[in-house]
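First the structure, which I've put down as structure tokens, then a few questions once you've had a look.
Should a chain be cited, it is by its letter among A, B, C and D, assigned in written order, with residues numbered from 1 in that chain.
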Amino acid sequence: MPLQVSGEVLSVRRVGAYQLLTVIAPGIPELTRPGHFLAVQVGGPESSMLLRRAFAIYDVKDRGVYGGTVEFVFAVHGKGTAWLSSRRPQDRLDVVGPLGTPFRLPTTPVQAALVGGGYGSAPLLPLAGALRGRGCRVDIVLGAGSADRLFGQLDAKRTAASLVVTTDDGSTGQRGRVSDVLPEVLEKNRTDVVYACGPMPMLRAVAQQCAERGIPCQVAVEESMACGIGVCMTCVLPVLGSDGRTRMVRSCVEGPVFLAERVRWEDIGTVPADTVGAPVRP
Amino acid sequence: MTDLTTILAGVRFPNPVFTASGCAAAGRELDQFFDVTSLGAVVTKSIMLDARSGRATPRMAETPSGMLNSIGLQGPGIDAFLDHDLAWLAQRGARAVVSIAGSSVEDYARLASRLRGRPGLSMIEVNISCPNVEDRGQVFACDPRASSGVLSAVRKNTPAEIPVFAKLSPDVTDIVAIAAACVDAGADGLSLINTLLGMVIDTTTMRPALAGVTGGLSGPAIRPVAVRCVWQVHQAMPDVPLLGMGGIRTGSDALEFLLAGASAVSVGTTVFGDPTAPMRILGELTQELSDRGIARLRDVIGLAHRPAQPHVPEDPDPVGDVPAARRSS
Amino acid sequence: MTDLTTILAGVRFPNPVFTASGCAAAGRELDQFFDVTSLGAVVTKSIMLDARSGRATPRMAETPSGMLNSIGLQGPGIDAFLDHDLAWLAQRGARAVVSIAGSSVEDYARLASRLRGRPGLSMIEVNISCPNVEDRGQVFACDPRASSGVLSAVRKNTPAEIPVFAKLSPDVTDIVAIAAACVDAGADGLSLINTLLGMVIDTTTMRPALAGVTGGLSGPAIRPVAVRCVWQVHQAMPDVPLLGMGGIRTGSDALEFLLAGASAVSVGTTVFGDPTAPMRILGELTQELSDRGIARLRDVIGLAHRPAQPHVPEDPDPVGDVPAARRSS
Amino acid sequence: MPLQVSGEVLSVRRVGAYQLLTVIAPGIPELTRPGHFLAVQVGGPESSMLLRRAFAIYDVKDRGVYGGTVEFVFAVHGKGTAWLSSRRPQDRLDVVGPLGTPFRLPTTPVQAALVGGGYGSAPLLPLAGALRGRGCRVDIVLGAGSADRLFGQLDAKRTAASLVVTTDDGSTGQRGRVSDVLPEVLEKNRTDVVYACGPMPMLRAVAQQCAERGIPCQVAVEESMACGIGVCMTCVLPVLGSDGRTRMVRSCVEGPVFLAERVRWEDIGTVPADTVGAPVRP
């Protein structure tokens, strides 16, 4: 049950290449689970930008002085995020959340590995806390293009039993990709379950490595969304159902978290011929 | 208290604010944000006979004060729709306007038959902005004869007490001609307007932004075109009820459509940016009416077509800060 | 250095950024803000045979990311235009594209004759979005036959070295059919698009906001429609040069039109909010091209129609913050 | 020769019902004469509002710490002015000016009466200074709906030989309209020339009172403007030329200041049948 809240911005802070925005949003924290996302209005009342922007929820505080705050981390990408980065304390921000299907937690204490790319670590850090709360061992792998695009490294170090960091340019941690180090992490820790969030090609590589090893994996995907609440059908991707049939599934409602083995990675951006209702090709 | 009741071809709706087809699914998701039974009606996403996967992604692009979409009528097919969606709306007590879409006249006729006697159904909206497979993919709504064929088939297969509205495309040389063809074929009213055909090229990839190349333009950007269409059609056939839509974002925008001749309005794209918008718009519209001392909604329908009241002789010298030039904006 | 030269039907322009008819008068006012000789060309306001008062005010209304205008082709008539405006442009050294408008085929023919041999004239743009008094006020641009009549009359009365472009209205069912009719009648190229017919009702007075009731919608709001028209026409006739326009605000917008198939672009409404915009857009476009390593402007014309390059196999795991989904925006 | 300047907002201050905005706009002050106006971009880069808003220039400072500032007074009317009123110091504002044809000044010292309605006093106050500089006697009449809509009363009192104030509601000065008191002012001071700025109906009444007495009168009109620089033809009104013929004349270039007797007051909002190029009516 998501809420629409016009909240007050508490702060916008630079964190490396990213911005960390905290907004007062009473009611949302209580409902949030790791993997949920927010949809944020941008541009103000006379803006030419009509659509909300989606951001994974990073941290929430239910109570405290402000009666509930929500935090998200974002990269300035285009016009909407540029506008967000120019918000100042006390500006109002209209947010809808929590949205989507969050990460599913194991019911028994297992060995979990969390793999984050860039700002993709944002929803993984509260997840790490939740897993620890259930007695799980948590290993974290974080990767990014460069050191300034790693988010939450300190936080991860505190929470995780082990942390491995990679950067494309070697500016910190190991030079390379998360998929270069993940196999070793999985083996060393006898990982039972993997959670991943980051760019689609990274998710695809992680999904494949898990599939090869038979390790269940949940991924949080990122598709262009017009509404974020399930009414527009823009955010779909081909996903196998429990009946073994492929459907174009809304990533805002049935995702953003999916079981990695259900996502038809090679076919994203197409409608596979065997999809339910696919156009009949002559 | 303002009387917000509106009547479309004999059917009473408690208020004139509806959702727009394809912008509210079948109401269930919006019911998380507000009580969908307080809407005039829920207009459901156009449904086809069989399940449809829709098009590949990317399916949308944001544009200045608008957006393009190319969903390709993804949906579960009429049977699943009746069992899950219409049944839910009926059980919930909402008024449903069911939008139907087909690839041939036969499709539309069969869809109408399947809807017969279904609880919850208040009205049928016939989306004719679909390619006609029997005519080289020519869109029905672009040709008076094709539009007429669809509407007469649907009307024949629909009980008399259920109004049938034709939803027209603005991408035509003469929308009044298409409107007349639909009405002559038995349409009880018209929904105006569907999206405009548009396109965005991604200057990074230097290729079309949408997988479907072109898409439908919606949102406030198209509002002046929509108001013009409603105006022209109401001018030509003042007795035909119209459901107006295209870029409605506020109560004042909704009022604009009523003044142009619409008896009710649909809120589409605005819902994406503001899921509670239909209720906000209903509240604002009520306020706009009562601010103007208008007791009944139906008194403003088409009002802009009547010559301005011979008003009180102009005050020769009202000193203040509302100059005469302001009449223009 | 990027080569910005563009050629329209044999005539060379040093760069592809033009003004739009009716949005720059005859260049003199803009020359206060930047040197009008650095434009690709100045497209002058459509001129008629005789002086015209235009319509009553209000003549404009702002709309979301756009505006409506209903000027009614106010102007001094061809003789005064030649003596004062075209003469000034010629003396100033600017390239002039003269837009002409008439109420009958005969008007257009006479206007073309009056332009013969005038210094400064680079090209003629024929505005056919005008009511034809000989056909119950039906707009020429809405009918292939009427469009064809005008274009063949203008082409016959214009020396071969001066290209004649037909400026089309988007308010038609099939813009490619109108385009083909104009080209068959002798048009050397096409200007796409004129404004969309729109309307605003002032909810305070509850009457149409414009004295002329309806008006032309322009600005970024209509850009997706304009890009689609350019795309469709270029697709159908890749050898016909196109002058693209409709909501261009930045160099990236201009690039979008070139990629869709335009050989040059006109900047219209944006000038009202930003009088130096044409020069800014020219600078931004130059930068966009050089950022992409494109040495010649003409290499991007219509590029979006070609299949994407078989690019380097996708990197299986680029970790960063530019996810795949971004291809869509 | 107007300039386009992206200047920094120095301050936005409430003055009664109005806002007084000061912007750093080097180059513009030197060119400005009383009656000139500014065209101001509103809404920021991703705004849905494309058109500039026009405001009479109130005060300018050529030099000083900031190298040239311009001031204007405005009423919050719609979305653009609402946005302007939320500007804060250091925000950027894109202004074009000075625009239009300013008030023409007499070449000999005469008795001048200035009549302002609402914020219409803004361009008259610098005009009063300029007239005084030429040795003119200046009498001022200011009117508004209520006391909070009078602008520059103190300023006027300082500059003028006499000041009469009217308000519709009698909250200050005489209850009534400027046209109720103007005849007496004109007679008492043997006024040679009148300058007026305010709502169109006020200008029309003043114009008529001057015409009846044969007193030359200049008025600054306010018509909806899309461009403000003379290229769009939206801002026209029917004006008699020196050849006695009526034309639809651009108020942004040939105005906003017109000789009152040239304006066809009754026909504003129409195209009089005898206008050059008027449609032939059957």
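Please note the rule applied: a contact is a pair of C-beta atoms (placed from the backbone, for glycine too) under 8 Å apart; a residue touches a chain by one contact, two chains touch by 3 or more.
This structure is a prediction, so every number in the text was calculated from the model and none was measured.
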| item | value |
| --- | --- |
| Each chain counted as touching chain A and chain C at once | B, D |
| Any chain that touches chain D and chain C | A, B |
| B-D compared against A-B, more contacting pairs | A-B |
| For chain B paired with chain D, centre-to-centre distance based on mean C-alpha positions, whole Å | 44 |
| Centre-of-Cα separation between chain C and chain B, whole angstrom | 32 |
| Chain A-chain B separation of Cα centroids, rounded to whole Å | 35 |
| Chain A and chain D, separation of their C-alpha mean positions in angstrom | 56 |
| Multi-chain contact sites of chain A, meaning residues that touch two or more partners | 48-49, 223-224, 268-269 |
| Multi-partner residues of chain C (at least 2 other chains) | 57-58, 60, 62, 64-66, 219-220, 327-329 |
| Category of the chain touch graph - line, ring, star, complete, other | complete |
| Interface residues, chain D side, partner chain B - complex | 17-18, 48, 75, 77-78, 117-119, 143-145, 149, 166, 168, 177-179, 198-202, 204-205, 221-224, 268-269 |
| Of all residues in chain A, those that touch chain B in their complex | 1-2, 4, 41, 48-52, 94, 96, 223-224, 226-237, 247-248, 253, 268-271, 275-279 |
| Chain D-facing residues of chain C, complex | 22-25, 29-30, 32-33, 45, 50-60, 62, 64-67, 69, 71, 74-75, 77, 211, 219-220, 269-276 |
| Complex interface listing, chain B residues touching chain C | 57-58, 60-66, 68, 142, 171-174, 196-203, 205-209, 213-215, 217, 219-225, 227-228, 231, 247, 249, 252, 255-256, 259-260, 288, 292, 300, 303-304, 308, 327-329 |
| Residue ranges of chain D touching chain A (in the complex, touch as defined) | 43-49, 79, 83 |
